[in-house]
Structure formats: structure tokens, C-alpha cells
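Step one of this worksheet: look at the structure below.
The chains carry the letters A, B, C, D, E and F, assigned in the order they are written, with residues numbered from 1 in each.
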């Protein structure tokens, strides 16, 4: 399996997928780039954990840098929690980062476990950026990013010890996604996702959730959809953790930062009104 | 069955339903009210058919009135097409207008068939407005509007010869909706809906569709969802008509009118790019 | 993919399939052959549209020829309506005529779209006849007929832009058929069928429908079976048209013709009593 | 529960059911009446077991009577085999004979177990005939026949220790039928059917099976349909017996008798070619 | 709803249920009774949390009492964790303790939330014991135990804010159980279970798990069965916690105590080899 | 397909499978070995039929040998009944003995039909033993045993005329098993199993059944599970026979023999109390 990219026509099957790819090819949000610049781990997800509020104080000149560093610490902490749930990974295992963005989580997984990691994205720009980062770190023999569709990766059946989606499931049909994951995982392999999902208990997609969907042209799923699609595809939960309370501080800090993108209010509203969860699910392939 | 309304707590089960009810209780869009003023048929749906472009010409003073009359003609034409698909309705039959808005379609059904019609809405304001209209027309013994949830109407099992949803299915789960409709329809009864649905072929919800969802805090379903939910609930299609080409002229006219609400562009974009259909489905209960 | 035929044992899996193949290998009904002789388009389906009743008048000597020409016009009109629903077909697309009979529809599709068409039949005689016609027309490089089972064609996965069944679904299990069609269609490809189906609303198979089944040793499905099997196989309807009223004139004319086979009365009875529909369904593969 | 009959409109829901009821209301076939006259047990099913061929010999004058008595012995033997599979029935148990015809099996069950039996039929004539027979035998306090639809009997949930269909399942949808049976049976109750079913292995409905369907305006199910519908409704088989070889002698005798109805050839052909089984299934309600 | 008990025949439907009831009617295990004597909270479940190992030291005379008190502290801690997951319970809410044993959890729930709690058990002895405890505490107006089957409680539809099973799901079919729970819960109500389940990843029921099943005549389910049955019944997980590591210390202590029953070794083996989990699942009714 | 064995890691996927393999690799029960010694047909199943009680009388010195010979006669009789249900097998057909143990049934099938038989077992010791027996009999060109998992045999799709499980289904998930069998059977092929299954009517797994499970570390399925899993995998029953009454004499004799293993009492209790059936199911692949 080399890092040679597939032809766009094979990867981007629908108009919708093309529009998502275009969005991420064009995206240059400081909230992603400037945070990644801190230590070269470029993430495309949000943070969790207590905020060190002292970053808001002190010299004005470095205030923004302190906020950015703190936000980056929180998003890296989130990735660490995700990796904590991957189970017992050995150096010879192979992992898949589905919807890898600019590749930060894959690098962290390689650092922690010493094993091979493949990341896939439908944004050629993200793939190139991530492969470039892996080269700079000298890990491109172990960490490879591919221009592929996570619904049809072409990776070998049963080849993966673990797979994760870090905030990328809202772009795809979950039944198709989990079918493909189940195909790639070995028996007993682990799947982990951290995702925003809307709350079946408060009913349909709230105004705030609709605003998030509209912002990213994504399609946030109800919580129930995850369990239905897992059950239909041989993925059995072992841990489900509601991270909502742990992610709100990140959003409060971000709302006060210079890298806010405008989506902060819908997130905070949705989390606070209970119409939206930030959820981690870890499941075994059986 | 009287027109006495149920308690709000029983009708509005979730936070989402409450927010939808609030929206429609507060809504005073001229595109709905001024068009209804033309002849007292107040609709909450869009129009179909060829536009008489001459309304754009002629005296400026009455231009707006001509446009409004023309748009109203088109939305009434749409309701007529829906009623054309109800099948052979007799005066002793009972009908249900699910998501009745300000009640125009129910009045038209009573005029055409002479039978009893019940309309339900989760907006108390709409229900009151509609009952008031029925009184003015002297048909309140035959046409009654109820503050009820179309997912759980309380109407008797097997009591309906026909049920329709005129652009109201995007607020609810289709499986729940069609289960309730199937319960209420007699064997061989007819169900008709005209609805916007997104196109599975272009993939997930497009930007334009997301904007419509965000505008109305609704949840537009993919086309496939209608057939899955019907199949699961004993509703067998007899006619499916793609009305997209017939509704575009209405939107083009509306975009030029004084009553445009801003949602015209997303609609036109979605229809033209093919990510969205305006679909009529007629089905039999078996 | 060549036109080389498979071995009978691989194509005809069951005793039932062998009996159907025998029937069509032996069939020489004038209603099929003489109508095809008119212009060399040999159909195995019925007609739709208004009848030109003047054919019944005029010189007795040519009356029969006029009737036959008129019936042929109607069956060709039916095939045209089917092709109208195939969507936007380009010359490089590949089509499949499932249950192709003597091949008329395939020829018409090639004439209209300029693309390759494969027809399959379990009657070796029909296949040979149809390939002979294609040779005479000089289109055998584009239009090929194969002795194959439409439940297991051997054609490549995702290779077809469109597939149709023109009155051939009543010989097979619909779930198996649509699974095979779904396999062969590309994402977004189109499926169209025109078929007789019995009406779930009038209940089980009526006497008249049973007579048709007995005549052809076929198994007419209820209307509901089509939507269940499509839903289960990723085929989403975009058009459903009840052609019953449009096909009755054809049958009335045929009943008066010299090529009547005796099955006219059951058809007319079934259509008129409402126990049977002549239905067109067009659906997209998603 | 009295023997008072329901209104026809409630019992006969569809045009198909009305046509079946008309057929049986009008039916006066000697093969049913003359055989019943032998000892007053009027059956509507076929026979099993070895034929005493000596009945074909002896005085011509009584030959027909001997044949008829022998055929009646075989159909009674069939009913005995069915009753053998009802399990341990006590006098206080309540049974249901679904599709009871002229009532013979119900009488036999009452004679054997001493318990109450309700029979249902959609033929008012059969119901009246059967109730008259019960009166003559003085068992109308225990054996009652009702003009009801076996898909919706109105009998109490969980009220039945055992239910059977003796050759009556081919008139109804099996999923609906077994749902209603499951509703009426107590936990652990027994269901038994003897039925003709076509063989999935030989494929679709053969010519001979189609002729039987056409003769009775019925809809013979494939063998697989029974197990699917039972599985979906909590009915777990405990015995499945292929009675085909045991019923052929009955048909051979009948073909030689004066009461042959013309359906003998299709039956013999279908059984001998293997496209049709005569099957007994006994199952427990769980 | 009074505490009047139902007739045994209605509650104990099968021979299996009768044998389970007999077991618990006869059960007098000190591990349940002596621990309950500590403070009058009688539990039928195991403990979690760190063990205070100092209880093993100190005066021999009171060693056993210290161990027992410590074990009771751990089982009460387990019940507290379960109650922590019930969500926001108000005094007017009604709760159900399904498989309540001698009633300890119900008492704790009433103490914490001040609301009404109904417990059900198929052991009349347990019900009587528990009601006696409620009387002694003066809470029998709020906490009531019933001799009922948790698969068919007779409680009103939608009447419960929360329901739990504390180690009682291994006696029943999960699909039946969750259907009944879903019926009783209000929309948005909470369900919580703590249970032992075997691990699909290690494969079928291990020797150690089979020994536990044999000890209690129960039927430990695989982990996957919980999620399948929840998904099929509108129960959507919000928390899943693997408590295995937290329960092992309890078992190690119990193995050293005088109240060990012999089942300690299979539990420890199963937990340590990974073939068995001690799992908490909290889910919302939607 | 050669008899070369696969690597253990590919065959034994789970800890459970490894433990089952270890059990059978170590097993040397005289009840299997000494009975096989009688005539070199080594079985791993139980017997059916009337016992010749005279074996209990006569000279003490040979009493044990007589009992053993009689038990072996009964287990061979059981295998004969299983083979009777395989249908019309021709010398060129290929059969599969799934869970072949020491191979007796495969030898008998080859003797009866003259065709090739493959046996699979996850016990390498059993496979070696069985291949050695085939060599001694000079049939190793026709009868081959393989170290393979019956859930994933690697045999070619559609390659088998018939497959059987003789008391080996209780070690596996039935849905997985029947999916694999369905894959391997040709259309119309036959599947037969003889198995112990617990009775859904008496409820959950009884104490006696749990003791059997614990003895063999197996997982006896409820009767209903067989029909659900067959229905889901295109296996349609043609015969179901309750052999319980026919197997009890075998167990009574075995309980009195020197080769009793202690599992006799649970078997006799379970069969007599009705909580357990000894069932034969024959089904066709469609």
C-alpha cells in the first residue's frame, strides 16, 4: 500500500462529496493552522478539559499566543483521550485515521504506539499537507496519508487493529461508514469515534444544530443513529462517554479568541440547551 | 370528535416541537398572509405551473397586487394537483390534513368533495386562524382544525378515507408519521404528500438545502427516506411525480416580488443544481 | 464482453426457468411476429395510447394489416415512454435490456442514444433471432443479445448507466432481480420497468389475474412487492405512472384482431375491475 | 362468545375475499358433499394413506359408493393425522379451526378431546351448514361456527390452546395469518397446518401449480414462505412432515371416480414432478 | 397501583421462571442476608470500588464482621453508581426497580430522590421481605414491592421516569425485557442496568461463565445482545462504563470471607481472562 | 483441495474456540473410543432406537462388551437416520461433514453414496485420527479430514450437494454457521442436522441444560434459533423430527454402563422434563 493517490473521479463519487472536498481544499482557518503551528500537530477537531484561565491575563502582547497555545493543548488532550480508548496496540499493528484532516492524530498515534498509521481524506490539499508534515518528522515510512474516500478505502479486509473518526462522521452515511470499517477491522479490533451528535430526547435538529450543519455543509446525526449503525455492522460498544461538559470550556475560550470563526455561538447554545452532545464511543469488532 | 384543543403539554412532546410551534405562532410572513387575503384561502406551501409573465408588465401601481394574485393562483393550483390524487372521495368520507397551517387545503377539499375534513397543527395560532376562516365561510360543521401533533392525533383507527401532508413532512420523523397515518387510514385509503426532498444521487444535504433547513429549523429528508418509511408502514405508491420543473417558475416570480423572504435563492439553487426535488407521492394503505 | 452464449446449465438453474425458456423457444405467436414484421422492431410487450379507430373502417382486404400496424404503433409508443424515463444517456454509456425478448427495445435505445446495449434472455431462440436482427441493421457491434439469466448476468459490477425490464419481471423473484440490477448499475444509474402488477387494495390475485398467470406460467407480483424489493436494494423511485387507462384501448383493439391469443379477456377484466395495474416505475440507484 | 355472525362488510374486506366467499357459497361439489354424506363429517381437504384397491373391483352397482367411502376414509385419516399433532389437549382447552369449511375437522376434534372448538369461515353458507351439523349431533354447545375472517377473528388474545388450518392458508397472506394466530394462542400453544405449497427448489410456480391456483382462485405459497412467516410471529416448528407420497394414492383414486372435478391432473402432475409438496407443519407459540 | 400481588399462574409463565422463583424463594445465602443486616439495606448484587484491606487485620474476633461491613459498603457503592446515572429525578417522578430482590436499591432511590419506587420480583418471598423492610422504615406509602414478572408488569404505559435492572437481566430475554421497559418509560425517560455480560471478542460462553450460569440457572448474555435489544426498542445509550476492574477487589475480598458461596472462583477467572465484563449501561427512551 | 492443514492461528479465531479445541484434543473418553473400536467407526454423537435389553443379561464377563456393542449400534443407527435425510446423492457429488469429530459419519456417507466427503474439525488430534482411519480403510482419496473452522472453511462457493452437522452446532453462532453452509451449498442442496436444543416453551435454559453446557463448555441453542437462522440464510425445512423419545433408551443404557461420563443424568432429566429436544432438521438451500 503506497501513498500514491487515486484519481479524483474514483474518490469523489457525488456532488456533495465534491463540495465537501472543495471546502476543505480551500480552508485556511487560523483556528486550525495557527494552533497546529504551536508544535506541528495540525488537528481538525475541538478540545476538552479544564481551561487555564490565567492565559487571559498577563501581557497583552502575548495574550493571543497564550490563548492559542491553551486551545491547542486542549485539542491535543482530546486526541489523547481518543487514543486512550484504542486498547492494547502493538508496534506491528496497523491503524486507520478515517477523515484525517491535516494529520495530527495519526502522528500522535505513531508516537505513542510505534506502529503504522494510514490516514485518509477526500481533500487532496489536506493529504499533501499531512504527508509533508510526516516527511519533516521523518516518519513517512510509518505514517501515510491518502486521497481516498473513507466509505471505500481500498485497504485490505481485516487489515486494521484499530480505526478512528475524530469528528468526521457527520459528512457520511453511518451505515455505509461502519460497514466499511467493519470490513477493514480484524476480529476483535477496536473502533473509536469522538463526534458531535444531536439529542434524540430534545427531538429533531435544533436551530443551533442546523446552524452548525449549514456552516460546515455537514449532516449531524442523532445519537441513536450511531448505535443503530454499529449494531447493524458488528461493532459492540465497550465505552460511551458524554464529553459535553468537558468541551464547553474550550468553546468559551475560543469565543474570546481572535481565531473564532462564528460557529462558537451555535456550539455553545446547542451544548447548553442539551440539544447536542460531544460523545466518545469505543466499540469492538465482532 | 370536537374542535376542542388538547393541552400544550400533550401536543408538544419535545423541545424541538416547542421551537417549531413558537416559530409558526409568531410567523406573519406576507408571502402567506397577503396571498391568502386574495380570496381567503390561506396556504403554507409553494406554487406550481406556468407563470403569466404579463403580471410583471402594466401599471406600476398594481404590479405588486398582480404578482401576488399570480403567486396565489399557483399555490392554489398546487393544492388542486394534490387533491386530484386523493382518488374517489365521497361526501360521507372523512379526511385529514396533517400539518394544516392556516387551513386553505382543507377548505378546498371540502368544497370539492363535500365531506368532513380535520386539520391538525402544533401551532395554536394557526389552528385558531383556520377555525375562524371556517366559521366565516359557514363550514365549521364540516371543516375543523385541531391543536394536535400529527404523530399522535388521537383520531380513531381506520377512520380516514384519505390523509395528506402538504409540505409538512420535513418537521417529523417519517417512520413515526407514516405509522400514525397507516393507523388512521381505512384499508385501501389514500395518502398524498407534496414535499421537498433532497436527492440521494447528489449525495448528502447540499449547502442550499442546509440553508433551507436552517431557515425553517426543519429537517429535509432524502427522497429514499419516503419510500423506506412507506414500505415499512403498508403504504404502496401509485403515483410519483417530480414537480421540480413546474415549481421553478413560482420561485422565479417570488424572487422578484415584494414578499420574498430570502429563502428564494437557496430554493432556486437547490432545484437547479439537482440536489433537491419537489415531489408528489400518492400511495394506498394496504 | 462478447455475445458468446453461456452453457444452458449455468443459465437455467431451476425446472421453472427451464419451462419458461421452453415456452419462449417454442413461441411463434403472430401477435409478436406479425407486428414486428411491420418495421423490424420485434417487441414482447403491450401497447399504450389512443387508438386510431379509423383502422377498423375502410377496405376489408387491408383491415387486418391496418389493425396490426396500429397495434405495432402502440407497442412502439410504449417502448418510447419507457426510454423517455431512462434519463440523460450519453453515447459512451452502457445499457442493459433485462428480459429482452426478440430485441426491439434494445434497437430503439441504440437508435435514440447511440450507445451500447446488451440484452439478455433465457430463450436461446429469442437471443439468436435478436442478434440476427441486429446484424441485418448493421448494429451488432453496439447491440448484443446474450443467452443469460437476468438474475445472474455475469456483467461487471457498476458497469451500467441504465437497466430496464419491459414486462419481464413477472418471471422472477423481485428481491433477487433488483439485487442483481443494483449490483450492475453505477451510483446514480437509472432503472425503469413497465409491468403488470396486481392491486394490493383489491386483495389477493383475482380470477382474471390467475388466468394470465396460468396462460404465461408466470407469477404476477402485487404492486407492493416492487417497492419493498426496490427499497431493500437501493433503488429510489423518481416516477411512478399508472398506465392502465392508456393500455386498455390497445387491448380492446387486439381483442378484435386476428392475432388475439385468448388472453385479452382476462387482461380487460382485470384492468377494468381494478385488480390489476399497468405500471411504470423509474428509480435511481443510490 | 356466541355464534352470532358479524356483518358481511366487516368480514369481507377486499374484492378478493368477496370473490372467494362467493365461490364457496355457491360450491356444491359432490366430492365434498357426497363424501360427507357417508358419515356426516363434511371435509374440505384431501386424503392420505394407502388406498384399498379392492374398492375398484366387485359389483359395478356399488363401485362408486365403495370409491366414495374409501376417499372419505382417506380424508378423515388426514384429519386424524392433523389432530395427532395438536399435542396434549384437555377438555377445558379451547381450539380454533381456521377456514373450517363445512366443519368436519371441528367435530372430530370435539369427539377426540371433549373440548370447545370454534370454526371460522368467510362463507356464510358453510357456516350455516356446519352449525346445522353440530345441532344434529347435539354438540352445538361445544362446537360453534362463525362467519368471520381468519385474519381478524375477534377472539380473545391468548384464548386458544391450539389452532389449525386444514388446507386454507392459500387464500391469505401468511404474515397476517400467523400474526393473528400468534395473538390468539396462549404461550406454548400449538399450531398445525396441512397445506399444499410449491417447491422453492424447482423455482417459481409451475404450470400445474398455476392451474390449481386458477381453479380455486387461490394463491399457493412457496414452502419458504411458511417458515419465514412463522419465524416472524413466534411460531417454532416441532414437526415438519412431507405427506406428498401419502396423498398421491388419494388423487389417483379420485381421478378414477365420478366426483373428479378436473383438478386431479394438475395435482398429480405437480406432486410427481416435485414442484409441489403436501406438507404438515406443527409449531409451538413462544 | 397497590401492592396486592398477582396470582402465581399469571406471573410465572414458564417452567424456567418457576424454577428461578423457587431458587430465590429458598435462598438464604449469608452473603445476601448478613450483609443486609449491617444497615437494613438488603442487596442482591455485587460491589465495586477499592477495598480497605485493613479489615483483614486487627482482632480475629471481629475480622469477619469487618469483612462483611466492607463488602456491604462496596455493594452499596455499586447501587450508588447506578443511581448516579438515573439523571434528574424529581419527587413526583415514578421509578421501577426491575428484579428488585430484597429491595435495597429501591429504598436508596427513595432516600435520594424522595419519589415513589415500585420494585418487582418473581419471588414472593423476596417481595414479602422487601415490603416488610419498607414498613419498618415507614416508607411503604412510597416504596412498594410487587410479585410480578418484569416482562409483563401491568404498570401503565409511559408511567416511569426511570427504570433499572441491577444484575437481573440474565434471567430473561433482552428483547422482551426492553420492549416492556420501553413501553413503561415516558419519552426521554432513563434506563440503567449494571450486569455481567460475556465478551463477544473472546467468543462463546467460556467455561467460567458457564459455571456461573450453572450456579444461578441463569443465562448470561453476550455484550452485543444488550445493544441489539436496546436499538430495537428505542433505548439510546448515553453512558457505557466497564466496571470490571472496579469489581475484582470485591470478589477477592469475598473469596477470603466466610460468606463465600463457591461462585467466587468462576467470577474471578472470567473477569481476569477477559471473557466477562461487569458493565453499566445508561440509555434514554426515545 | 488437499488435506493439508491450515495454520492454527487462522482456524482458531477466539479464546473460546481455542478452549474447545483443547478440550477435544485432550479428550480420550472411552464412550467415544471404545465404541468406535467395535468396528472402526468412531462417532461423537449419541444413539437412537430401541435397546436390546438382553445385553444386560448373560455372562458377566462379556456384559460390558455387549453393552458397548449395543450403544455403538444405536449411535450408528443415528448416523444412518441422518444420512437417510440427505436426499438423492450421486457418486460425483461432494459432501461436507461439519464438525466431523473422529470421522465416523463421513466414512458411512462414502460407503453409502460412493462420493467424496470432506470433514472439518478444529481439533487437530481428531483430524489426524480420522485421516488415519480413512487411510486404513483405503478411502483417503475420497474421504479427507481438515483442520478448519466450520464457520470459514475455505471450500468453494456452491461446491456441496449436501452438508451436515451431527451434534456440533452447539459450539457456534447459528447465523454465522448457516451463512457459511448456504455459501457452500449448490442451489437445491440439502442441509441436515441432528442436535440437542432447549425448548422455548419451557422457557430459558433449565438447570439440567446448564449442566450439559457446563460439561462440554458449549452453548445449547433454543429450538427457535435454528429456524430463525435458517430462514435468514435461505435454508427451507422439509423435515423436522423430534427424536427425543427415541434417544432416551440410549441414555438409560449408557447410564448403566462403565463408560458413563456423568453427563447422563442431566440429559435424562432434561429430556424427561421437556426442557430439551433431540431434533433432526433437514432443509433445502434455495
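One rule holds for everything that comes next: a residue touches a chain if its C-beta (ideal position, glycine included) is under 8 Å from a C-beta of that chain, and two chains touch if they have at least 3 such contacts.
If you're wondering where the values come from, they're calculated on a predicted model, not measured in any experiment.
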item	value
Over-half contact-pair match to E-F, picked out of the listed pairs D-F, B-C or A-B	A-B
Most widely separated chain from chain E, with each centre as the mean of CA atoms	C
Longest centre-to-centre distance from chain D, chain (CA-based)	A
Rotational angle, Cα trace of chain B fitted to chain E, multiple of 5°	120
Centre-of-Cα separation between chain E and chain C, whole angstrom	63
Separation of chain A from chain E, taking each centre as the mean of its C-alpha atoms, in whole Å	38
Between chain C and chain D, centroid-to-centroid distance (C-alpha), Å	39
Chain centre separation in whole Å, for chain F relative to chain C (CA means)	50
Junction residues of chain F - those touching two or more other chains	13-14, 187-188, 201
Chain A-facing residues of chain E, complex	187-188, 200-201, 223-224, 227-228, 230-231, 236-242, 277, 284, 286
Sites on chain C touched by chain D in the complex	13-17, 19-20, 171-173, 201-207, 210-211, 213-214, 217-219, 273-275
